[in-house]
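Pasting a structure below so you can have a look.
The first chain written gets the first letter, and so on, giving A, B and C; residue counts start at 1 in each chain.
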Amino acid sequence: MIVRLGNWIGKHLMLTLGIMVLIYMYIPNMIVALMSFNDSSESRNLYQFQSFTWDNWLNPCAPQGMCEALEVSISIGLLSTLVATTIGTLAAFALVRHRFEGRATMNLMLFLPMATPEIVMGSSLLALFVAAGFGGQLGFWTILIAHIMFNISFVVVTVRSRLAGLDSNLEKAASDLYANEWQTFWRVTFPLVFPGILSAALLAFSLSFDDFIITNLNSGTTVTFPMFVWGAAQRAIPMQVNVIGTLMFVIALTVVISGEVMSRRRAKGKAAAF
Amino acid sequence: MSLADGVRGDLKLTGLHKRYPNGFVAVQSLDLVIPQGSFFALLGPSGCGKTTTLRMVAGLEDVTKGSIHIGDQEITHAKPYKRPVNTVFQNYALFPHLTIAENVSFGPKRRGIKDPKDSVKEILALTELTEQASKKPTQLSGGQQQRVALARALINRPDVLLLDEPLGALDLKLRRAMQVELKRIQEEVGLTFVHVTHDQEEAMTMADTVAVMNEGRIEQLGAPYELYTNPHTTFVANFLGRTNLIKGTVVGREGSGADEVVKVDMYGTVASIKASRVHTDAKEGWIGIRPEKVLIQPEGTSIDAPGASLPGAVVTDVSYIGVSTDYTIRMPWGQEITCFEQNTGRRGGLIPVGTKVDVSWRPEFAFLLDSAQDAEAGIVEED
Amino acid sequence: MEALQRVFGKNSAYWLIGPAAVWLAVFFAFPMLSLLSTSLSDPSGSPIYGYTMTWELQNYVEAVGDYWPYMVRSLWYAGIATLLCLILGYTLAYAIAFKAGRWKNVMLVLVVAPFFTSFLVRTLSWKLILADNGWLVESLKWLHVLGEDGRLLATPFAVIMGLTYNFLPFMILPLYTSLEKIDPRLNEAAADLYSTPWQRFTKVIWPLSLPGVVGGTLLTFIPASGDYINSDLLGNPNTQMVGNKIQTLFTDASDYPHAAALSVILMVLIVGMVLFYVRRAGTEDLL
């Protein structure tokens, strides 16, 4: 067994190294999953596994304010994804399909937010809000504005690359086959670009859900999930945080894998009919 | 089955001109009438303007000057989706997210036909795709994809069907099979087909009429036989098959009417060429003769041809093809010409390199071209 | 008719780009200018009553004078982390692109999947792994890699490791995109033309993957140099980076002018380095 494994590694050195990097990336996720079963009530040392319990999974919302913070994060995530994906997709169409004055400036303005450290972006927004007299009203809406702002660039980049890879002959074929501009868009262009829009939306949601630095500067008294974690980490971190982390991971992975399996099965079924 | 019912008309291009913003003129004031129901080929090397012409007819390219009519209806500036014209695209442009049946019913549905099931069935049967109806384009072979592109266009019963290098992506064997197939379908449906290609064999196999294009102009237009046997320019002579061009000087004329011949001196030997095959008024000219029309015979044996006989040539290269043999022969004045000989078996072997031979051809096969034209024009590398 | 269409076509581009342009102008470009103006304001103002812009260049002098070690440390840590990300990320991206076979998609999903657990939660779990009495430290001590009172947590090592871990996916994805486009037959052709495996890598694969290398290093280096989470959670007061300082100046000290000056300096340094780097790599068209 060990000899066979050794042979396999010798033959697939790069793959073995790659898998080792992948394992490194998963160490924290494994720890998080493990700690979600940790019974921390007995000890003050919260960074060591004490004893096994189901309690954290049975009462995920036990820590005060955690689930409220989660709710805030999900609402901001969904809203900012919706707005940024819409605005960004329109902009991507303009940039790929049209030549207009100010195109270069627009490209620069889309690139810069990605090249700006979050701390600089966050602090500049804070400086603006304060200068405009909104210093006292920081909260849900200022966070939302900030998240939409940094998501736009990522949406544009994702949708644009999908759109640029689209064979323009397909749209010409549609118009040759009696589809007017509107029908061509909805019947051909949109369905073909949709996977790009979908992955842009997924990216936008995860960026928004996970953002801490910009959010922290512009949040006022509103608490998002990452901010709750940050605050808790300064005192005593509740083990339920690990439950939420593991849950999000499992849900996302299930969705992605079942989607993949379904598309594979569909392809296989069709191949069998061949 | 005939899709070509109802009133249609010839496709008429009048002074059609295309100039790109960068100044390049792709099509130069083209005048062309393509009769209804014909299989018409636009043949030429890449960059000759044939595809641009096709795209202007399809409405995918703006027209700089001139007009396009189908019958009495002008469509010069109509939107692509408002013209009774459909295209089979070069790389098919099949919609990857739709099944074959959905691809084929795309056009009818856009024209407001709610349930085109019957016509889809009919057209899929015609193109032998019934089994493939629920598959996606990526699951089909190249030949099948090609037939889907054809079915998707044909189902709309366009007045004119445009085919842009439709067989270019297929391998040689499949291309031959599809040539026959396309011709069969065209005869069956009776629609006007306009076929763009750079492959002379493909054009000649399928089309009733071929227009040879070069640098935005039509060099010559006619039936394949006419084009091949009586080319008007060195470009056409070279682009359609191979040809031997020998310098000659006109020395006189004989006879009149259909029997009129022009006498041409060719390095001391006088050849007679029918006046209908002479395409220059100058004193000098290129005498053209197709390699398969050239006859050779080792010196001393009698040659089986009534025409002029040129002595003193030497075989310099022999390549045996199987069905025929290609001989390269050096003429007494140093020029090398080519001769294709059918291997009928009468000779009982090959003529070895170095053999002295007599060369001859029947005078009615020769043609005379303008000596100002480039003897190398239109020569294409074999692919 | 045609002219009308042309005008309409032009307008439609502006309608499409408009919302994004306005949003970015108001909430990105304008704040950056506002930041610039704050950085030149009289520091005696306050966030509540506002600042007056007085071309106070002294803010910059003071910011550099007080905080240059943090600045240097940030760039230094971010640079090492980026290099580590490049080595680890290239290995994995290469394995996925050329060696994974039918597991390609699965491995790609696995690269992105950790994102779905909040990065703060994941970073905190490193605290547990690197803890003083944890199994990692114990075994390293047993192996004499670490001394008797050696530790991992609250050291520069932990901070750099955290940065590497957190930004690794941003390196892998662009690298993979670049590598995936390379025709594997090029590798075979190079082998046919007498190249050793190493030469095949340095002469064929690496040059062709440069766009991904540049994209990946930028996506890693830029956020890493402004980060303060890893230094705060895994480091000690002596591993503080410039992000920590900007953050505290803004929120705790409410010293906006100095914080803004520090932000502007960081931004200028990064843009300068990016431009220099991209020029050197010869991939300007990436921008």
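Just so it is clear, a contact is a pair of C-beta atoms (placed from the backbone, for glycine too) under 8 Å apart; a residue touches a chain by one contact, two chains touch by 3 or more.
Fair warning: this is a prediction, and the values are worked out from it, not measured in the lab.
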Across the interfaces A-C and A-B, which one involves more C-beta pairs in contact?
A-C
Among the chains, which has its CA centre at the largest distance from chain C's?
B
On a C-alpha centroid basis, what's the spacing between chain B and chain C, in Å?
60
Where chain A and chain C are represented by their mean Cα positions, the distance between them in whole Å
16
Rounded Å distance between chain A and chain B, as computed from the means of their C-alpha atoms:
57
Where chain C touches two or more other chains at once, by residue number:
none
Which parts of chain B, given as residue numbers and ranges, touch two or more other chains?
none
Which residues of chain A touch chain B in the complex?
167, 169-170, 172-180, 183, 187-188, 191-192, 270-271, 273-274
Considering only the defined contacts, which chain A positions touch chain C in the complex?
12, 14-15, 17-19, 21-22, 24-29, 31-32, 35, 47-48, 86-88, 90-91, 93-95, 97-100, 102, 106, 109-121, 123-128, 130-131, 135, 145-146, 148-149, 152-153, 156, 206, 209-210, 212-213, 216-217, 225-226, 229-230, 233, 237, 241-242, 244-246, 248-249, 251-253, 256-257, 260
Listed in rising order, chain C residues that touch chain A in their complex are 9-10, 12-17, 19-21, 23-25, 27-32, 34-35, 38, 47-48, 50-51, 88-89, 91-92, 94-96, 98-100, 105-107, 109-111, 113-129, 131, 133-134, 165, 168-169, 218-219, 222-223, 225-229, 233, 243, 246-247, 250-251, 256, 259-260, 263-264, 266-267, 270-271, 274, 287
Complex contact set, residues of chain B against chain A
58-60, 79-81, 85-87, 89-91, 93-97, 106-107, 110-111, 134-136, 139, 152-153, 156
